[in-house]
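Notes for the one structure printed next.
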């Protein structure tokens, strides 16, 4: 069964290889969709067995899947599936209009599958260094997804993304080095720097381990878009094509955060207390919740608006990691909810951008009248993002508050509530004129099946998890949360 | 499956089908109506049982939502609040089905409207049935979200877009406070089930804090001064039946919440009662003053809703004081008055809003000074509206008087008992209600007189004409209800018997309720006599005037020969003495244009009175926060080198902190 | 052997200071190449007993950093036809003096580090110094190219640190790292090329369209 | 017994009015109209026809009827000195106040019905001053309830006795003053309003009924008389000894006459206040009553 993990890595590669064989533009997209669906299939086969068969190891321990990475794998495949389906709708016109020629289409899909591959590697890597390699690789692959349409702005965004994230990730590597360095000479049982070994190992040099965590926190944090190292994020998100931006905030950020979780678990276990990491998580979480508020208030570009809201939500997730097991539970749930809501919003933003020819909030008016489907999608996504019930984000935020109260983190709770309140007010103010009022373009009735399917599916999921949390999922999340906490 | 589930399911289903079938104006409305009718049919029995025998019906969802067991309970208190939700919900929807034909159908437009209308009903029902903090909060949020879309029905007008924003911001922030309240309360016991809360474990200070949170959170929904600001925005923007539903029924959910939270916190404390009284007096007086100063009918009605919430709070406050001092008479009279006023306000305020809707459609405006003389064109509406006006001023023999009378009695009784600590708030409520009543009379004489009496001030007002039965039938029914509740109060007061017993400590005697009944009987006689006298004198008058000349002449204008409708007393001039006297609070914006020339040209004087709280409270606050956060924006200046510097600095600082042993 | 080692380290310092001080891009590229070679050699004459894998790794490193990167970058320089000047925000003398002080600082810092089990604090000191130099280049230079160089120097520093502190890093990871660095530089090269095409300049600090 | 009192009130009400006018005339050094003048006026008015304004829509006819009916009901609630009221229950003075409120409400609507700005103006002022008078009235009543411990108008007025006057002299005095002010305001007497002139733009009550005529006017005038009689009866009852001994009745009636003279004296000794000052008067009435209650609490 655990050979399945290798499949996860093989399928995208196969896709990349196949892509060079195809001829027609649309086929590339169908191909990557097929590959992602295959992945889903593997996951489902795994999922059916998940509770029993996890954790599973393979390739003499190099690949490893436990509840935590399994959960992230689930989220990732959800985002990629949605993204691949939506891509059919999004690029349809560009393919027809010739704005997207065959070579570019091929490149796009190869990169898309490539990014899938690198992220899968990050999630499955049991080796602390290999995980880093995977993470760095995501940067390099996705960078070219941003500039698939080589507009000046896109290139600028890509350049900044590339430089900032590379530097950040480089710091993360110092973190990796310091972890190994912090192992005393007598550290037994560590041969290959596997997490499974490191977590068991004893006799760390605590000072160095803490330093290591600081490096990986800042390093991966840069990639995860934690303030104040989030600076690349709005640029990249606003310039990338719709599906890509969705994938960026839908999962890539979470992947980076996942790496931090792993390190944190290590540190917590070694220090036998989560106090050290909790403080840092709360600090960065609150920073990332408050700083975007300013930008959302003044934002003039829809996709940048969404990007800042991603920073905010990553902040919420980080905050949760600092609030003990209950908090970790809330964070992981929030990861899923945010990924769904944000993908939906970015899809809508992408299409609305195409239809209106701009992402300027000023020039998108009355979307619900002019483009009902995408208007509804944007409305649903944004209402979910600002945390109104019965959308699922309300639930995860509820768990967050509960965790904060349980932990007695009053100050953090107050700042958190103030932050999300400001963002609620600002975002609502921004969205109302975009969705309601007189539409500024003539009405567009036609919308493709893929578009409708994605919107309906995501909205349904958001509402479903808003009022119902299946018990198996609940237990699974609890296991994952325990792993993220690192203290058994 | 228990009837309570159907009670939730049917209205929602109706709305959902309406949404799907939303292209047709008629069918979508019918679906919604069907759903609500179903709800009414299902609700009838349990509600009757709860109110007549005090037995509460229960239902438990077989599966757990988000780890919380879903238990639905319809106890007398919930039943009492459920009554208007289902009955008036249906009536207003009936009115709405006719009202909405006015607007051409867009893509699913009407379907969306009816979907959210029914969703609002469903949300309120769930709020009343929920017995678990989380479930309560979810349904509360749903209930707050639905009207947002209803207010946006005229979304092409900037006004309603702004209104909806204000509304949802208020609603959501309030909801956040409530979430905090429930979770803090839950942290005392284990779990969020109402049954598992353990208020007795809390320190008094913490209980005060919790009640403060609840009062704030629910107060926003109820529209208590100074967190009332969403009402005067949202009510004018929404379609009339929605305004009626919101102002008549939805804001009462805030009151329900306050009552429920007091119950959850283990009974009231004297301070809470005093707080309620103070809030009531302030809301009542200030709101009615602002109402007097308004020129837009629906905006005025919105303020008057705030005023009535104030009266309700007064009643409940008096009751709470009574409970906390073991004064059953004060307690029962106060609470009974408060609860009855909830019902009464739902009736007459609903009717007034429906009337406003008719006027809006017939005259295409709600500017008081553009209306006038409508009594001739809209006899039915005029009758209902004036009746409602009398009722809302609490004048006998109408229902408004009954509830206010009970509250007065409670307060007066409080004067005769020796306890000083209770006496002064009760005295305050006494004087406050008197002043509120007087000002309300002034306000609604102004409204009724300017709109329906005199001669028309605009062309539209001349051409107005009565509309379809579907629109005035609900109004007539409500009018009948107002009169009936007023005349036969001794019987209707039994409605509050069991709801009271939910709120009162178990040991309390219900004797005072019987006392109240006897008093109301006496009142019934007198009002009966009064009606007979009216008939007799009317008859006498007719007899006297038989075969005498009855001349019709122009109104005597002090010798001025060419009177003109524009010369009539306007709404603003009617309210002038009051607004002048309370200028310090109202701060009206005045544009006057008086030419000092020998032969004066056109002279104009207009005054508008925007909400002082918004003007001097919230707007500056929001602007301030925005400015403050604006400073942060320099972070994102676009220079990549500095971005990298951020990373380095962050890391450096953290390492320093580590070296310094701070983390 | 140690003498040779110290020679290498001396060259490392020298290259860093040169980078801080020199104004010609092409020259900087070559200097970085030299640095790459030097760092490639360090492990061989350094700490661990010589194994085939280490040899292979160093070989790759040397080829990559000493051969391919300079070639790529010089080509980029030619294609882009950018002005051959570095155009720093911070003047050369200042950068040099900063570099000097960082050197001292890092030596002191390294001597304080609680690194147990290995006695090569000097290498660590120089590793830190190299990293700091790289960062200094990153934040203080205008041209896209010089930022790439800064990134490379940073990587070199980290590589050096790795050789010094981490003795259990598996080969696979080492190669993975090298691969990543390679792809990164390659990507940056392409990015530079595109920037040059779209903006007809490679002044990074003039890329401020996206803000707020 | 009580029914006799009812008849008595209904019959004698206009007389009090004429006593006031007569004594005013005497003070002014005129002979004044005969005491039965109001009855003559009423009968004459009842025999006349009516004139309506062409804009009026029926309320102008309705309002006098309702107003009179309401005031007649009030008579039922008020004891005539020693003779108890026909119907009394705890808190009946609330009903009294609100019945009067009803009368006022309908009168104001009737005034607005003619569409004349004079009536409108009168209504607006009436509304405002009434709103300020209400709290004063309720505070006085609460004060009396506090002092006597009774809660119905009848009990209050019949229990109040020399003990109370001895123990709570200051507060009772304050209450009496406050009530007298309310009395003046409610009946539209100087210094709040001037019942004698019609055409001044400064009128309140009189200007509201400009367009009424014939039987309507008769009902209104009679209503005015009833109102003044009722409030005077309440005021007088503060000073008569307690109990239901009918022998006190003459004394009580004398007291009524005295009150009428008092009003006359006030009216001829001072001029109407400027409208701006009226609210101050009413508020001070409320303050007096509040002060009285405060005194009661501190004891």
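Chains: A, B, C and D, in written order; residue numbering restarts at 1 for each.
The working rule: a residue touches a chain if its C-beta (ideal position, glycine included) is under 8 Å from a C-beta of that chain, and two chains touch if they have at least 3 such contacts.
These numbers come from a predicted model, not from an experiment.
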One chain's C-alpha mean falls closest to the whole-protein C-alpha mean, and that chain is B
Greatest centre-to-centre gap (Cα means) from chain A is with chain D
CA centroid of chain B to CA centroid of chain C, Å | 70
Centroid spacing, where centroids are CA-atom means, of chain B and chain D in whole angstrom = 36
Whole-Å distance, C-alpha centre of chain A to that of chain D, is 78
Rounded Å distance, chain C centre to chain D centre (Cα mean) = 101
On chain C, where are the residues touching two or more other chains?
-> 135, 138, 147, 204, 207, 209-210, 212
Where chain A touches two or more other chains at once, by residue number = 159-160, 163, 167, 207, 234, 295, 298
Which chain B residues reach two or more other chains?
-> 633, 636, 640, 644
Think of each chain as a node with edges to the chains it touches; is that a line, ring, star, complete or other?
-> other
What are the touching chain pairs in this one?
-> A-B, A-C, B-C, B-D
Chain B touches which residues of chain C in the complex?
-> 89, 135, 138-141, 147, 204-205, 207-212
Interfacial residue positions of chain A with respect to chain B in the complex = 159-160, 163-164, 167-168, 171, 207, 210-211, 214-215, 217-218, 222, 228-229, 231-232, 234, 276, 279-280, 291, 293-295, 297-298, 366, 368-369, 372, 383, 386, 388-390, 394-395, 398, 401-402, 405-406, 417, 421-422, 424-425, 428-429, 432-433, 436-438, 466-469, 471, 474
Note which residues of chain B are touching chain D in the complex, please.
-> 372-373, 375-376, 386, 390, 393-396, 401, 404-405, 408-409, 411-413, 415-416, 420, 423-424, 427, 430-435, 437-439, 441-442, 445-446, 448-450, 452-455, 515, 518-519, 522-523, 525-527, 529-531, 533-534, 536-538, 540-541, 544-545, 548-558, 563, 565, 567-569, 573-578, 581
Parts of chain A lying in touch with chain C, wherever the complex brings them together | 62, 127, 129-130, 132-133, 136-137, 139-140, 143-144, 147, 150-153, 155-160, 162-163, 166-167, 170, 173-174, 176-178, 180-181, 183-185, 190-193, 205, 207-208, 234-235, 238-239, 295, 298-300, 304
As the complex stands, chain C meets chain A at residues 114-117, 131, 135, 138, 144, 147, 151, 154-155, 158, 161-162, 165-170, 172-173, 176-177, 179-180, 183-184, 187-188, 190-191, 194-195, 198-199, 204, 207, 209-210, 212
